[in-house]
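We call the chains A, B, C and D, going by the order they appear; numbering starts again at 1 in every chain.
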Amino acid sequence: MMRAWLTQHGFVFFLTLRRLIATPLTSLLSIIVMGIALSLPAGIYVLMQNLQAFSGQMADSPQMSLFLKLDTTQDSIEKVNQRLEENPQILSVRFIPKDAALQQLQQSSGLTDIAASLGRNPLPDAFVIHTQENTADALEQLRLTLQKWPEIEHVQFDSAWIERLNALLDLGRFAVLMLATLLSVAIIAIMFNTIRLQILTKRDEIELSKLIGATDSFIQRPFLYFGALQGLAGGATAWLIMVLAIRTFNEQLITLSQLYAIDLQLQPLTMMDSISLLLFSGWLGWLGARISVASHLWQIEPK
Amino acid sequence: MMRAWLTQHGFVFFLTLRRLIATPLTSLLSIIVMGIALSLPAGIYVLMQNLQAFSGQMADSPQMSLFLKLDTTQDSIEKVNQRLEENPQILSVRFIPKDAALQQLQQSSGLTDIAASLGRNPLPDAFVIHTQENTADALEQLRLTLQKWPEIEHVQFDSAWIERLNALLDLGRFAVLMLATLLSVAIIAIMFNTIRLQILTKRDEIELSKLIGATDSFIQRPFLYFGALQGLAGGATAWLIMVLAIRTFNEQLITLSQLYAIDLQLQPLTMMDSISLLLFSGWLGWLGARISVASHLWQIEPK
Amino acid sequence: MIIFKNVSKRYPDGYVALNNVDLSVASGEMVFLTGHSGAGKSTLLKLIAAIERPTSGVITISGQNIAQLKPAAIPYLRRKIGFIFQDHKLLFDRTVFDNVLLPLQISNFDHNTVAARVRAALDKVGLLKKEKAMPIALSGGERQRLCIARAVVHRPAILIADEPTGNLDVEYARDIMALFTSFNQVGVTVLIATHDASLLEDTQHRILSLKQGKLAT
Amino acid sequence: MIIFKNVSKRYPDGYVALNNVDLSVASGEMVFLTGHSGAGKSTLLKLIAAIERPTSGVITISGQNIAQLKPAAIPYLRRKIGFIFQDHKLLFDRTVFDNVLLPLQISNFDHNTVAARVRAALDKVGLLKKEKAMPIALSGGERQRLCIARAVVHRPAILIADEPTGNLDVEYARDIMALFTSFNQVGVTVLIATHDASLLEDTQHRILSLKQGKLAT
């Protein structure tokens, strides 16, 4: 029984493979179409994953700026750093030396060589910290504690700044969501339609099988295999496109990383992501095939 | 003769229309697929157009920063502004008051309330200008001239800053180019494949027409109409998606505009753009149909 | 075995193809069905295989009421029947061999004996040499014989042949009729719709004659 | 009018369907072509309409060498021919009327007279009542008559009929033969491939007989 089942399915599987190969242009074109369609939402997913890792802590947890007194020594700075890092309420600590602050000012304003024009750097050293809590009360408490430290001139937490960043990130998220929705509709429609149209050319086969006593599941089987296989191939193509795109993009990022002296690299697809991509595309192909065959079967039913 | 030609074409046109309506699901799905596929590169195009308008002058022409003396009066500032604007070598003049510079510093560094911590704003007022020329010689000449003005403390032109911005913009352009290439391949493949598969289901008609003495152009005609009509409908769908997307996006931008007090709005598609979109999509459909029919015709040729 | 009681068939466009037909074919009988073009012969045969459903009346096959068969049960009815379609219905993207193989695949036949059965069926209709050809490369008569091979390969209990010799010359037609007779002799119920006067001339089997949807015995 | 000289046809799979055929059909003649299933009748007819090309030999129609016809000239040859295909080749997504209309559309006929012509052709084969039906709703014989109507609607100079009465009963077959004869009487060259012995029995026209690709006169 089991053996018969296996032979049956194995037979159908190879029949389907042979057919895919027998019409190379149709198969290839359809696979490319599905691959490209799938690679777009997959690409967006990768970008979002990377952005989230990059900006996650920055945007989501509240941030506080600690300005040090202008005459603080290197030694005191180290001490402050250590004490901040030991505080369990504080998630992350980032030190911004006054030179870096000045440089950033120049970069962002387009005003260059301020130091030269001013004669000296007027900015203080500072720490930027992210906190665990985000209720107004807890934050105020922390501010008051820190304010009492002797090295600290001024503690500031600015909700307006965060608001702006959040607005920007919201916009980004909105754009991504819009694109993702559009693309999801697109890939489903594209894969569905591609497989449906391919099956339309096999109307005769469905009709005849039905007429000589094939059960619905028997008739559907090769088409479901066909859809799933095509979907899988499309998913694999999408995966390939993604890998190549990430690699090329990272090469471009090297220049930027060097200029800004930070490590900007897109993380590749994880094993899990890759498998999900393949499974999803296979499922889509299967679904497209299923719906098309079912509609044909229904039309041929005697009334 | 002319009349016969018109009747012939009119007949084919209506025949095609009737057929599109006769298979509503296939037609609709195909049109949606093509619409979405087309709307993506069209969206990228709109974004690029808007970005270019926004950042064009900034990135492309060299820029110079003029720092004013710390004690410059409002009167002198106006005078400097006027003289700069009258200078034919200078393309654009932007005044950056010291307050704005400080604010920008705070925004970009995450350091808030620097003024509060410093007691006073240490930054000078400044002008940022863009010049017509971009040879090093001409720029040096201009710098020397401006340096001599009494209100100006220091003139700076920094190529490093521009380099960084350019690297960033290059990256953006590269990303857009990559996406656009991918999408162009995609829409061509998708439209081509969709129409090809639809025509595959009409193999019988092509074969019979050929056998009873139809010329190739007669056989192709309804399919070309079909492809072009489907392509046009796909283009119109893409246009609709674009209009809706731009409107929704602009609504989101309002919040951002208010926060940053600048006018950020995507410009809609121009009349020319819309027409180009429709023509291009019609042409693509026509091409897909042409190639598929031609390949069938060739197979049926006696050998 | 096959019993029609008061069976009428009106097509969706209003045309009445069968009008109050009463009919009974015993198990193992061989019956000819004749009548003008458009008299309703194909319609009657299609009703037996549940390809069309009657508008009114009762059709029973081995005691089963076909008119009330659930869709899920129809395939099993059809497997008992070998149907030679008037319009052939060959699959042009498979070889001759694979076309004949189809009915066996459908009913999960044992893989080891399948090839031998297909070749035996092809041999009976004289197409063994063409097993690897595509149907497009067959002549009209060869296609018709291919349909016959496909209809008999799974040794059905009922054989329904709709105009099986329209494209065959006299000799082949005689061979095919001999084939049908031999099936009938081992107990297969055979129904043949035909115009071919030469087939009807010297037969000792029952001949049913349809006239505009009515049975004229 | 139609002259075959030493014509052979070997199909790509190596099978020789026609072997050194010499043949001459005068303008206005009516000729029957007969032979076993697979003898090469359809192949011979297809060569005339340039649906297949001969492997060797010369075929001339009204002095034109078909074997060397440029692809662009083939449609104009085919418009002179009315071809009744053995496998019908109907379009199942158009009505009966539109199926018959096709040959007229192809050759840019005057729009005002076209409908009348289509109806006249349908009337001749007894299908006028079914003009709005789809071919799927036609019986086998009705489909065959539809093919005949389509082949004669544009009044071709040559009429080629490949097994035109395989699905027709004796009366309809006689009507169709009368139709062919009437065409022949107004000067149309008619070639008919058939197995139907009853058509051949009482004819005074020439009968060509093919045997395994060779002409046996």
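Side notes on the structure shown:
One rule holds for everything that comes next: a contact is a pair of C-beta atoms (placed from the backbone, for glycine too) under 8 Å apart; a residue touches a chain by one contact, two chains touch by 3 or more.
None of these values were measured; they are calculated from a predicted model.
Ranked by how far their CA centres sit from the centre of subunit A, the chains are topped by D. Remark: subunit C and subunit D have CA centroids separated by 29 Å (rounded to whole angstrom). Spacing of subunit B relative to subunit C, judged by their CA centroids, is 65 angstrom. Each chain gets one centre point, the mean of its Cα atoms, and the points for subunit B and subunit D are 60 Å apart. In whole angstrom, the spacing between the mean C-alpha positions of subunit A and subunit B is 23. If touching chains are joined by edges, the resulting network of the protein chains shown is one closed cycle, each chain touching exactly two neighbours. The full set of touching chain pairs reads A-B, A-C, B-D, C-D.
Contact residues on subunit C toward subunit A in their complex (touch as defined above): 49-53, 71-72, 74-79, 81, 83, 85, 89, 91-93, 102-103, 105-108, 111, 150.
Touching subunit D in their complex are the following residues of subunit C: 11, 13, 15, 34-38, 41-42, 86-88, 133, 137, 139-143, 145, 162-163, 166-172, 195, 197-198.
For subunit A in complex with subunit C, the residues that touch the partner chain are 4, 7-8, 11, 22, 204-205, 207-209, 211-216, 218, 301-303. Across the interface of their complex, subunit B is touched by residues 26, 29-30, 32-33, 36-37, 39-40, 63, 65, 67, 96, 101, 104-114, 116-118, 122-124, 126, 128, 153-154, 156-158, 161, 163-164, 167-168, 170-171, 174-175, 178, 182-183, 185-186, 189-190, 192-194, 196-198, 200-201, 203, 241, 245, 248-249, 252-253, 255-256, 259-260 of subunit A.
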